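Next come the structures, one after another.
Each of the next two complexes has subunit A plus one other chain: subunit B in the first, subunit C in the second.
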Partner chain A sequence: MAALEIEHVEKTLRSGQSVLRDVSFTARDGELLAVVGPSGCGKSTLLRLVAGLDSITAGVIRIGGRTVNEVPPQQRDVAMVFQNHALYPHMTVYENLAFGLRVRGTPRTQIDRRVRQTAAQLGLEAMLKRYPRELSGGQRQRTALGRAMLRNPALFLLDEPLSSLDVPLRAELRRELAALHRSLGTTMVYVTHDQSEALSLGQRMVVLAGGRVQQIDTPINVYHRPANRFVAGFVGWPPMNFLTAESFDDGARVPAGASGLEYGVRPESFSTQAGGPDDLQLAGRIERIESQGSECHIELTQRFGRVLARLRCEKLPRVGEQIRLWVRRSDLHAFDRTNGQRVELMGLERSGPRPEERTQ
Partner chain B sequence: MMRKRPSGALFVLPALVLLAVFVFIPLIGVFGLSLTDFDVYSVANPANLHVIGAANYWHLLRDRQAWQALETTLVVVVVGVPATLLLSLISALMIESIAERWRGLFRTALFVPVVCSTVAIAISWRYLLNTRFGLVNHLLGLLGLRAVDWLGSPHLAILAITIVVVWKGFGYGMIIVSAARKEIPDELYDAARIEGAGVPHRLLRITVPMLAPTLGLLALLDVSGYWQLFAEPYVLTQGGPLGSTTSLLLLMYERGFRWWRWGAASAIAMALTAVMWLFAWVQRHTRAGWRGD
Partner chain C sequence: MSLQNRTLRAGTYLGLAVLAGATLFPLLWVTSIALMRAPEAAAGTPSLWPHHPTLVNVINIISRQHLGRYFFNSLVVAIATMALSMLVAGSAGYGLARVEFRGRRMVSWLVMLGVLIPNQALVLPLFEMFRTVHLVNHYAALVLPAAANPVGIVLVQAYMRAIPADILDAARIDGASEWRIYRSIVVPLMAPMLAAVGVLIFVVSWNDFMWPMIAMQQESMQTLPVALAAIDREHYQDIGLMAAGATMTMLPMVFVFLASQRYYLRSVIAGSLTD
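So, the complex of A and B:
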């Protein structure tokens, strides 16, 4: 078990293209850290750098306190699970699991014991003689996980391990993965492009975009106090609405700030009734109603743009009619128009917990 | 069940006609000839033609020259095919490891022999292997070794011919192996590196097994090609010295077109065909356990 420390890591390709810029964060010992970002943000590169498959241009990577910048992959004591499993197609499940131990010259009886033990843990006992092409997607992923687990690495690196699976299976394996992490207690870095996966699985999450770290915090804090406009728009589904002061009925009552502010409201922060005297109002014409079962996604247009609200489906006006919505002032996020950074609005009680209140 | 339609038969017909004219009918003809003592006298007077049943085959079984030709051909196949595969594999992997801008040059250089005329190549090699003036012996001389009579020695001539055959053939396999190697996902190597597999392990446990189906196919192509060895010994040694480089096909050619004993030559042709069929059958029924998805 070990912590992963990444300090001022840079990666520039030979073509001169910069992939990662001044990336720093720490995955604590035993933590499940989710790294999330849109495709092309450098998150897979980051994982390859930690694994030692590519070399860093600048910075320091430490695993368990040991600087590994120059250490080859096989000596870093890490295991990696790849997006497309990377199972050896010409080997059976047993051989796939045993591969790492075999090339390290582990005695045969010990290999056999550990392979069977891991297979039992993952429910793969009956599959040991099969080839990867004879497995279902979930079984393949379990085999890939098992292969990583067998060597008892200090650090697990998971590169979008569930993205090739269908949705129900993904949810199931996500639960299994969380349980596995609890029972193994090994540090895990979990890379995904799916913000919901990062929110539900990560103990903390690193939001990466354009090769830079945007925010590092617990999922709850990232959701309720996004550090900048990018994080606010990327984390949470449906995405946050970005509005100007004019969007609200009484723009003057919008919390104070310099004129260069943009306001963010999450779709679920809207209500069809006023909650208190301080609530802000907003009106528009319903363009579309999309039922999600228990609730509805309402798209309304107003002069200043479109707004998406998530409301209970009862007593809603019809498409084409006007609707009036209320937002608590404390549910308003504000971002600087010039640099997109979060601006704390003075004198507001936030609905989400503050960093010091967070629970692990 | 598929319904048989006349239009389907029409589409297949041209191919069937071509196959019949160039394969099936000649094959039946050759089989027929192999049961006769058809020779140059029979051309002059058909009355000299007799059906002699399997006599040509019985003669073949007791024919020392035929057994020697079989042995010669087998040596080329048994030595040449593994050598070709190994060279194809090694050259494909080596070319991949050299700088990108030189790759094309080397690949072309190694592939040129494949597309060159066999006769031209054989003649070039005759000069290279010349005992007194050849480049090969000159180079051996520089190393302080004595000149070798490559094509004049009954033991060395077949080796020299195998070298020429392999040299001409391995470039083709190199291109095929190169293409197959590119199909192996990089992730497999990444995974293996993280798991602690060094270069030899990655080569022997990933690259070679992943290329096995391709190498199997190449082996079949090479076996069938080398089994029909003809042009190289025909140009380099004319089957000598002492018949040591007479391949089965060369023997058939000599019987048929030099001595005009077409019946006997046809029996050799049928034997060759039978062996090829056997190879094809074995290949079909012993495919490796792993096949690409």
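So, the complex of A and C:
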């Protein structure tokens, strides 16, 4: 078990293209850290750098306090689960699991014991003699996980491990993965492009975009206090609405910062009734109602753009009619127009947790 | 299965049967003639089936024409060429496909160029080279130039490119050394393609005529096709004897193909099977 420290890491390709710029963060010992970002943000590259499969251009990577910049992947004591599983196609499940131990010269009886133990843990006992091509997607993923677990590494790296699976299976394996992390207690770095996966799985999450770290915090804090406009729009589904002061009925009452603020409101922050005298109001014509079963997504148009609201489906006006919505002032996010950074609106109680980082 | 499918399938098999028959017919006829006595074989058009099968032609060509010696030469050269070129194609193809090094593109390009140059154009410089190093009339003269067969390298390279690099990275993280990865992962994965390359090289080496004729001037070092051509010039009227020589020349190829068919076919259809 070990912490992963990444300090000022840069990666520039031979073509001169910069993939990672001044990336710093720490995955604490035993933590499940989710790294999330849109495709092409450099998150997979980051994982390959930690694993030692690619070399860093500048910075320091430490695993368990040991600087590993020059250490080859064979000696980094990390295990990695690949997006496409990367099982050895010519080996049975048993051989796939055993390969890492065999290479390290572990005695045969010990290999056998550990392979069977891990297989039992993952429900793969009956599959040991099968080849990867004879397995279902979930079984392949479990085998890939088992291969990583067997070596008892200091650090687990998971590169979009669930993205090739269908939705129900993904949810099931997500639960299993969280349980696995609890029982193993090993540090895990989990890379995904799916913000909901990062929110639900990570103890903390790193939001990466354009090769830079945008925010590092607990999922709840990232959701309720996004550090900038990018994070605000990327995390949460449906995405946050971005509005100007004019969108609201009484623009003057919108808490003003310096000139040039943009306001963010999450779709679920809207309500069809006033909650208090300070609530802000906006109105618009309903363009579309999409039922999600328990709730409805309502798209309305205003002079200043479109707004998406998540409301209970009862007693809603029809498409084409006007609707009036209320937002608590404390649910308003504000971002600087010039640099997109979050601006704290002074004197307002926030509904989310305090700014201090939650410890687990 | 619907009627339409059945008809289609029947048609396919019929077509394949006709093609197979067209391919096999001359081989079987030559074998049949090899088993005929002289008068029967020498008839204007020899019959399709030997009425009094005999091994006299086979015995004659082995005992009187030293065919055994030429057969042995051909076999040594073909096996050595096959083994060596599988080794070269395996490592070079893997290296060019999956190992990063300076000038890789240049080397790939040069290998490609090697595919385009006809062997006949190389005969003269090759002969000069081998004479200089005193390897004319030596097995090495036939084995060495064929060992680095560019076609084999290009085939293995293309095949290795289709294998996900993640598998090799997974092995690296599992702790395997580069040599171990080559031995335990790469070689088993490219085995079908290597088998195909091996068969191809064996056949090319076995059938090669021009270069062996030039490089092996001493009679005892000649290979089967060259020796057979010499026998033909001397005994062109003895059709049974020639047929026996031809049959013995093609038999090993049939065995090589049958033995490696399982791997060979796997590599040919590999492209159609995802996973």
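The criterion applied here is as follows: the second predicted complex is superposed on the first by the 357 of 360 C-alpha atoms of A that agree within 3 Å, B and C clash if a C-alpha of one lies under 4 Å from a C-alpha of the other, contacts with A are read in each partner's own complex, and residues count from 1 in each chain.
By our rule, a residue touches a chain if its C-beta (ideal position, glycine included) is under 8 Å from a C-beta of that chain, and two chains touch if they have at least 3 such contacts.
Every value quoted in this text rests on a predicted model; they were computed, and no experiment measured them.
With subunit A as the common reference for superposition, the partners subunit B and subunit C occupy clashing space.
Residue contacts after overlaying the shared chain place A:Val78 against subunit B and subunit C alike.
By the touch criterion defined above, A:Phe242 lies against neither subunit B nor subunit C after alignment on the C-alpha atoms of chain A. When the two complexes are overlaid on their common chain A, residue A:Pro89 makes contact with subunit B and with subunit C alike. Legend: residue contacts after superposition of the two complexes on their common chain; A:Phe99 is shown touching both subunit B and subunit C. Once the two complexes are laid over each other on the shared chain, residue contacts for A:Ala51 go to subunit B and to subunit C alike. Residues 48, 51-53, 72-74, 76, 78-80, 82, 84, 86, 88-90, 99-100, 103-104, 133, 147, 151 of subunit A lie in contact with subunit B in one complex and with subunit C in the other. Interface residues of subunit A facing subunit C in the complex, by the touch rule stated above, are 48, 51-53, 72-76, 78-80, 82-84, 86-90, 99-100, 103-104, 132-133, 147, 151.
The part of subunit B that touches subunit A in the complex is made up of residues 185, 187-188, 190-198, 201, 205-206, 209-210, 212, 290, 292-293. For subunit C in complex with subunit A, the residues that touch the partner chain are 164, 166-167, 169-177, 180, 184-185, 188-189, 275. Residue ranges on subunit A touching subunit B, taken from their complex, read 48, 51-53, 72-74, 76, 78-80, 82, 84, 86, 88-91, 99-100, 103-104, 131, 133, 147, 151.
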